[in-house]
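First chain written, first letter: the chains are A, B, C, D, E and F, and each begins at residue 1.
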Amino acid sequence: MVFVTRRETFSAAHRLFNPDLTDEENEKIFGKCSNPNWHGHNYVLEVVVAGEINPETGFVIDVKELKEIINKYVISKVDHKNLNIDTDFMRGIIPSAENIAVAIWNQIKDRIPYGKLYSVKLSETENNFFEYRGE
Amino acid sequence: MVFVTRRETFSAAHRLFNPDLTDEENEKIFGKCSNPNWHGHNYVLEVVVAGEINPETGFVIDVKELKEIINKYVISKVDHKNLNIDTDFMRGIIPSAENIAVAIWNQIKDRIPYGKLYSVKLSETENNFFEYRGE
Amino acid sequence: MVFVTRRETFSAAHRLFNPDLTDEENEKIFGKCSNPNWHGHNYVLEVVVAGEINPETGFVIDVKELKEIINKYVISKVDHKNLNIDTDFMRGIIPSAENIAVAIWNQIKDRIPYGKLYSVKLSETENNFFEYRGE
Amino acid sequence: MVFVTRRETFSAAHRLFNPDLTDEENEKIFGKCSNPNWHGHNYVLEVVVAGEINPETGFVIDVKELKEIINKYVISKVDHKNLNIDTDFMRGIIPSAENIAVAIWNQIKDRIPYGKLYSVKLSETENNFFEYRGE
Amino acid sequence: MVFVTRRETFSAAHRLFNPDLTDEENEKIFGKCSNPNWHGHNYVLEVVVAGEINPETGFVIDVKELKEIINKYVISKVDHKNLNIDTDFMRGIIPSAENIAVAIWNQIKDRIPYGKLYSVKLSETENNFFEYRGE
Amino acid sequence: MVFVTRRETFSAAHRLFNPDLTDEENEKIFGKCSNPNWHGHNYVLEVVVAGEINPETGFVIDVKELKEIINKYVISKVDHKNLNIDTDFMRGIIPSAENIAVAIWNQIKDRIPYGKLYSVKLSETENNFFEYRGE
């Protein structure tokens, strides 16, 4: 079994805000991340697929094909978008990096044609990284 | 003469939009960068000061002092902000990376106590970099 | 379960030296790393916490809070310090990267308020990385 | 148990090509990666060894020793080489990154004197990474 | 005047070889870089354009347009190619990084529609960088 | 004219301290950088040579030769050393990054056999960079 990782990036706006809480509570929990005028990030996404090597090709999955799946189901919906407003698969979800990673997992886990999805890694800044393995 | 560079980062939302143009013209020029719901970036800022070494300290300028100047006059006004709405020194300016770099130059050029400001470098994504040297 | 990683850096001096061995033995085992006048590194520390997402916040643990814990219990004791002399939690321990990683684990494992400590990763140079998972 | 990682790099030419398939099939599967005139990469290799810390040295394995093993059995055979033609341990193997990672694992797994080989990671470009753990 | 940099990458095979010299001389000058079976690199290319900001757009040159120029005239001719054999603009030129940088300059210098070409930077490995400014 | 850059790294201990000042003055100017028990860094050094391309080789200077010069005259004297005590070319000089860059310039400027030394760049941490061009 080999683990194949494809790295993609996207740039998005978001705001951490829980509509069930008051503005004061949101400000207390989320601080500057709750700015009502939004802020944004260059997110770095790594999708890891685990599987057996196909002896005919030497591939677990062709990374070009993996790239197309990520672009079609994720990047096209988040790049240069507002994650709170524009992204269908984030509707009703607080766009913390943890929640974005889980939502990306759900968005692609049944669309990997060879091997299976092992991990979704998301970095929000150069110092904060998040990983979800479906467990 | 030695060139001293301090690197800082900030995360901000913005939208490329010229209010003197129609929506169609904005869309044609700026494409996805003109999304009315905003998008955002992790900007990397490098401020370069050039000057003589002070023989008593071995410093051109103490990088801690340079960091404080950058934080006070730039980072506090752009980090976790919307560059079109929240940042006083960007008012009325299209927030392209070129214009942000020039505005940051103007914001700090008279506030460097030792040596003088030589360059402001700004990266908007890992593939696009911008530099202004006041010329 | 999501894995949340916070990255911090520190700059420290150290020397690899086992007081139970002769100078010749130390020199033979540790070579230039045993220089009696010390050398140093920019260490990169990554602390990984694993836990469930709190539905109210979208966080496993607020990375600002994780950062404060790391700074209070680790960075303040190692940054711009001599790891053989200045750092209480390294007393009597050869400051190899392996031992530093284990000592940092012990220093913070009972101080993580949400989720639990999963991994401590330490890079000593750009080519040498070390990880301890408490196993 | 601590995980010790040594990072090395090598620059090599290769071509993805399965001699059991026709030229058309190779072109269809491998596209530009099958260019008969070759192409090449700067590969980044990370070798991870897991083991107990030796209390006398503070090491799982001296990274200098690990570096020498990797250089002797891997780097000297792949750096500035053609992986399809020059490298003995790749003979008869399609040089996909997956297959290179597995071949490097086989090349060094019985040569680690302390601890045991845990993982071989190989990046082929800045966006594509591959890992084999011998499972 | 602002300097705008676009970063692109390409993977290519090459061999350092001067046909006017004997094999022994080539081996003496170029060593392992002269391997007759080729080797290769992930090259990182940075193209720097200098110019005035267009007040209507905030751009010196739209980086998307700069990217398309680089891809059309350079990347499409070098990526997954053999620089000694496949690349028209390298014909008869020893493909040292210095010569590649100059050839890329010549390839694009008259095709920059706004501002003018200021610099071509090329990294061949993570430790070797080359820059040509047309002087 | 092409600019050729060779990147090398070294790990060293140092302390910022001016013996002409009192301990209180040193503490006030240098703060934690003046820790009498030392601290240290992984320094990244880039040496830039500018010159004409030799048509026989395609090189300004063979980077292997440049690497050997840097290693002989600089790295061997600073790597795993104490810059205040062990390094002959730093004797009597406060080891600020500015002063180290100038001292490295003086150490190698007359030893470049092809082209001439254009710049010495030194990074002390990932956020602080220093450059000297002999002016």
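What we mean here is this: contacts are C-beta pairs under 8 Å (C-beta built on N, C-alpha and C of every residue); 3 or more make two chains touch, one makes a residue touch a chain.
Since we're looking at a predicted model, the values are computed, not measured.
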Equivalent interface to E-F, taken from A-D, D-E or A-B so that over half of the residue contact pairs match: A-D
Inter-centroid spacing, chain F versus chain C (mean Cα positions, whole Å): 28
Statement: Expressed in whole Å, how far the mean CA point of chain A lies from that of chain E is 34
Distance from the mean Cα position of chain F to that of chain A, given in whole angstrom: 41
- request: Provide the list of chain B residues touching at least two other chains, using ranges where the numbers run on.
  value: 126
- prompt: So that we know how the chains sit together, what is the shape of their touch graph: line, ring, star, complete or other?
  reply: other
- prompt: Which pairs of chains touch each other?
  reply: A-B, A-C, A-D, B-E, B-F, C-D, C-F, D-E, E-F
- prompt: Which residues, counting only chain C, touch chain A once they are in their complex?
  reply: 1-8, 46, 53, 56-60, 62-64
- line: In the complex, the residues of chain C that touch chain D are 16, 18, 20-21, 29-31, 93-96, 98-99, 101-102, 126-133, 135
Task: Using the touch rule from the top, collect the residues of chain D that touch chain E in their complex.
output: 9, 11-14, 32-33, 35, 37-42, 79-82, 85-86, 125-126
